[in-house]
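In the two assemblies presented below, chain A is common to both, partnered first by chain B and then by chain C.
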Partner chain A sequence: MKLRTKMLKPFRKVPVLNAANVLLVENEEHLHSRLADIIVQNEKDVNITVRLARKLPLPVENQDSRPRIDLVVFIVNLMSERSVQSAEQSVRYLDSGFFLGKVCFLVTGARCLSVSSTRLLTVRKMASSLHCPLLFAEDQTSEGVIAAAVRLLGILKVAAGLVPFATGLSLNSVTHCILPSDLEQNLDSPTC
Partner chain B sequence: MTEASILPGLAGAADCSNENDSSCSDISNKSLRIAENAKKKRQAEAPLLLALKYFSQVKTGTPRNGNDELYGYLEQVEREALAQGLAPEAVSIMLEFAMSLRMTSAISSRVLRFLIPASVVPQEAVVRGFSWLCMQKLSQPTQVLFLRWVLSMFDMIDSKDNLRAIYGFIFSFVIDETMCPFICHLLYLLTLKEHVKPFRVRKLLDIQGRMGKQPFLMQLLALYKVFCPEMVTLTMPSKMKAGFKNHNSTWKVALAALRKRNISKETHSMELTLGVRQHPHRRKRKFHHLLVPALTPMMESSRSNSRKGVCLQQLSSFAELLDNLNSIELPAQMGSLLSSALALHYLDCVQDESAFLRLNFWLGHALHEEFLFGPVDGSSESMGEAAHFLSMLVSTQHFLQEGFSSTEGFLYKFLTMWDGFLHRPQILELLSDIPLVPSSYIKDVLFEPLMQLYFTSSVFFKCSVIECLTSMLRKWLTWHSVCAQEEGLDISLNNRSTMSLSLSGFLDSVLKLVQFVGRLTSVGLQLERGHTLLLHHALGFYETVSDMFLKYSLPLFVMLPPGVFFPALLATDPVSIDRLGYIMFRYRQNLTSAKEQQKKQRELSLHINRSVYKEFNTYLVAMVAHLWNSKSFSPRTGIEVSEALLERTKVADYSKSFDLIHHPAFLNYAIDFHQQCWPERTDVDLNSIKVGKYWEWYVEFLFTQGFDGLRDFIKVNINQASARQSIGQPLSQPTQPSQPTAVSSPSS
Partner chain C sequence: MSLLFNIVISVVLYVCFTSLNMDDVARTLLQRTLRKIPTRKLEETIKKWSHLSRRQQQSLNYTQSKWILLQKLVSFCEDNELTVRHVSELEMIYCMENPNLGTWKACHLTDAEDDATSLDLMCFKEQFKSHLAELTRNVSIKIKKHENETIWIRIAWGENFIKPNHLKPTYVVHDLQTPYVFICNLSSKNKPLLYQTLVLATKHGSIKDAHLSGRNLHAVRDLLMGNYHQTFPTNHQRPLEEMSPPPTHPNIENEHKEHAEKRQQVACEAFGEGKVPKLETATYTLETRFRGGGSIDTLVDGEKPFRTVVQFASTSLLESLHHCVSSGIADAPVSPLLSSITQKGRNYFVITDKADR
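And now, the complex of A and B:
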């Protein structure tokens, strides 16, 4: 019963015309505000609201003032184990309706993964079991952050229904993460 | 200034004064300011010299506990090493001190950990290190640490011929299980043909029997096999794992920092002495794997005179290369081949397997360790460096007209974690170079990661992906058509036993690629609302696909998907329709010539699916009905919309709205034509163009506007007789349409 009130539901609110709302969830809080700025600056035609959170569930008090969330982005920093765990726990507070094209994962630090590739595998498994897209971002350079923000904006506009002939679900069906088969791992992973 | 900054504490501990003075005087000739700097530097180095002197003279068994002098000096050297790097003499002294185990092994390993050379490592020091290793006094972790140090600093060892001379000694350590991976790596770097001996091969096989098929053993054996195939009968797996790990983790950060500092110093010194622009960063390149090393010969010392080999860097012209083609010595560092045009010519014509093996190893290592999992500092400098390296790799592969297998492996790995932006031009260029991917795993390694990137990225990224895949398809097809000529692989050949197998494999992969791009373009155009640029890239791809039979002699016919055809047909720019006309024209030419060939050799039917003809005819009917017969939206034209719905649009003559006159893409041409025909008329009645001769003139007028594709399409597909007949009468009479001369499927 308690869990149910804490759940974030996608269709609880009525959508507003020409508006899209995205929720960025990041435990470390060092990328999401930068992303938010760029997302808002990059879109002129539509009213974009970016909401930031460290983790889910969101506080119950603000439930009524909170707008309808069109896209939830989990930002996972592979350099930290906590980041992965926090995302894993937060996902539980999303209503299943979100997983029809309203959730995606954004991973940073995948390239300097000399220490632990198991974290990447964990996130990959999570994303593929939830049928969500898994994006990678280069958060070290400002160009990389801009590129990531622009990609998120594109997904957001589709998820918010602002792109004719495309829905979040249709986009999700072509972008969701698929666990690489063993073959690929055999082919090109360096022996460790 | 340059000298002084690169080689701090140039001279060793004991006999420093002479050399240092002479180097100083050289410098002071250049500029007074530089000399002063050097002097300041020398003063700062005095304690270091004392410390080095201490380490060169300290006796075995000197007490360690409470020895403040020792720790003071140790810290002194450590600070200097991490800040500036150590001069070659200092490296010798410290290595000697560490390896001789005059203190405890804890001290030895501490010394090894901070042993960062400023410029080069004298090879004699390394040789002495090995002689100490032979004493078997060192503890196992220290032994491994020493080997890791040698491997990490390998590029900086000034020459390797003496190391090669003690190959046998080094080989003897291979039986030690903990040291074996490191020894194998070192041997891999040192091995020459003369080192491959039957007893060594036996030993390695023996160890392999004990330890299992370890990748490091396999790599070394693979190299042995390249040099002496008769000695190693082992069969190697075609796709081998990268065998050696990178061992430089301990020193990586320090080396990178050192290199950065040196570069900044060097650029600073460049400002002082303009004119020295010949080899600006050559020297520093050794510090980083992503930089291509300079061309240095394998045999550095006087011994090279006794060998008849010629080093690549001695050659300066193509003619010289041709003269010495059979006696070329490969350089010590295979990566240096990338930067030399002559070396690439050599690689290209000699097809030396060992050279490719070594180059691939070097490249795979560089890409994996330095780029893929490299230091992510995001500085513009390191980004520029990586971009430069990748661009050079691109131009090398273009020169050789083939991709390296190590690049391929790297790309598959990188695609799964790419953000779609980092080094995009180079990555896509490299991607288009990858050789044919077997259809069994093309989906996993290529399509899935690309698709996830494609659909989540901007329209411009989508365009560049399609462009990349077009170029990939062209390269595969070209490769096939060249192979077909070389090996007599011909679809009309009778002996199809082995060839048809490979041909069918090839067809499978190409078919998968074409279908994949069909999916990307259809859904992409839908997402981007028929973006013109994306449409043109899609049409560019199908220009290649439509011509596969005639241009590349590949018996494969795949029609473009409706998701591309109809957006192009109903596009608002005339160029899309023109290109579509050209594509349909090429499809027709290919299909008819295939049918003729089929008739000629009935028993060797090259099989064309009947559905291809059917699809082609549907498109043809749709195109003619829309553009020529003014019968848009009527049944059997591909787009069927119920009449009730069309009425509600309140467009008066909806069936005419996509003919050559009213089509939004051609409307301005029609108005232009109208004005030229009837300059005095003020009210524009476009329907009058359809009457009589004007229609013929109008079509001719369009052709003069450069719509060659459309002209080819109309000339081939519209039956001239019936066309003329229909031109004779107003085209509004739908009972007399000019029929498209459809290609019929062979059996019908």
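And now, the complex of A and C:
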């Protein structure tokens, strides 16, 4: 019962005309405000609202002011184990309706060689099991952040139903993460 | 016969050490000191030192390579017949201007006598010199006043038949009328001598280690004296204009805004805000027993204490801890182990098991 009230539901609120709302979830709070600024400034035709959060569940007291969420983005920083764990735990508070094209993962810090590859595999496995797209972003340069924001904006517009003849589900079915079989084997038996 | 032989040997030794050319010691010290001073600070330091004539100072060209400059300075000092006393003054001037070259340890004077508050510089100087001279021979002391009430003391230690070693001096910094003393580069052998002298000269009952050390003298002093922007815990939320972050786009909203503000406040209460003193390390020596899951059998071994040293290091430790708490990396109610760095003004802690106390 308690879990049910904390769950974030996709269809609890009625959609507003010409509007799109995105929820950025990041435990470290390094990137999400920068992304939010660019997303909001880049789009002039549609009214875009960005909600920032550290983790799910979201505070209950904001429930009334919170608009209908069209896209949930989990930002995972591979440099920190906590970031991966936080994303894993937050995913549980999403209603299953979100996984039909309203969730994506954004990974940063994958370029760094010192990062253990098991974290990346964990995130990959999570994304592929949930049938969500997995995006990679460069957070050190401003160009990288802009590119990531533009990509998210494209997905958001589709997920919010602002693009004719495209739905979030159809986009999701072609972009979702697939774990290659050899990687899966590697993950199952780390010795080989 | 053997007694006579011994005496002869010691006399010979004494002669050997005293016959060491005074200029040699002075020259080595001068060269070492000059080598320590970076070229861009050399001009200013030499000017302050004022043991070179105006003409000599003007003839120095600071754009030349340091090696040539050094040669010239040494020859000038030889012309002026400067002694170790003068050269050690140069070292002292440089050290006073740049007090971040060694590790400073803080000591706490306790049990002040009634007339401790009325102590003046002249009296302290006299007392310090006479008390230390009583305790040990062959020690060279230099006392200077720097910035309003701060006293700087340079001590070069010697022994009965050994001249003071000017290459490894101890520096002591004390503000009159405060119970704190800061000491740099003190060997354990000379520790009791200096402590006793300080206690007597400052008219206090005893002295103890304050368990605080750092490379930045000002930071160590500011932390002990609470001389930084502190925030005191209140039940009230602070006024909005003070807390609110820079305005963002109206369409961006943070779900955990209140939480973030609270964390920020907790961090400020624990570690101060704005410019906090720059501490480099905090060390915790744990002498506790291991408790927890039985999977690690080797650690649960019997009743033996589990000894470990945990050290946090950063260029500015308090700032790092502040950031950890305000960004949510560390848990929001700050552990008293961390917050007591500022509250007690210490950065060395020994944690013992409750049962052992």
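Details
The rule is simple: the second predicted complex is superposed on the first by the 180 of 192 C-alpha atoms of A that agree within 3 Å, B and C clash if a C-alpha of one lies under 4 Å from a C-alpha of the other, contacts with A are read in each partner's own complex, and residues count from 1 in each chain.
One rule holds for everything that comes next: contacts are C-beta pairs under 8 Å (C-beta built on N, C-alpha and C of every residue); 3 or more make two chains touch, one makes a residue touch a chain.
Here the structure is a predicted model, which is why all the values come from computation and not from measurement.
In the superposition on chain A, contact of A:36 is made with chain C only, not with chain B. By the touch criterion defined above, A:171 reaches chain B but does not reach chain C. By the touch criterion defined above, A:111 lies against chain B but remains apart from chain C after alignment on the C-alpha atoms of chain A.
More residues of chain A are in touch with B than with the other of chain B and chain C.
By the touch criterion stated above, A:141 is placed in contact with chain B alone, chain C being left untouched.
In the superposed model, A:154 makes contact with chain B only, not with chain C. Once chain A of one complex is fitted onto chain A of the other, the partner contacts of A:58 are limited to chain C, with no touch recorded for chain B. In the superposed model, A:28 makes contact with chain C only, not with chain B. Across the superposed pair, chain B and chain C touch chain A at no common residue. Interface of chain C with chain A (complex): residues 248-249, 251-256, 258-260, 327-329.
Note for the complex: chain B touches chain A at residues 215, 239, 241-243, 245, 249, 368, 372-378, 383, 409-410, 412-413, 416-422, 441, 444-445, 448, 451-452, 455-458, 523, 526-527, 529. Against chain C, in their complex, chain A makes its touches with residues 23, 27-29, 33, 36-37, 40-41, 47-54, 58-59, 62, 65-66, 82.
Residues of chain A touching chain B in their complex: 107, 109-114, 120, 133-138, 140-141, 143-144, 147-148, 150-151, 154-155, 158, 163-166, 171, 174-178, 180-181, 183-184, 186-192.
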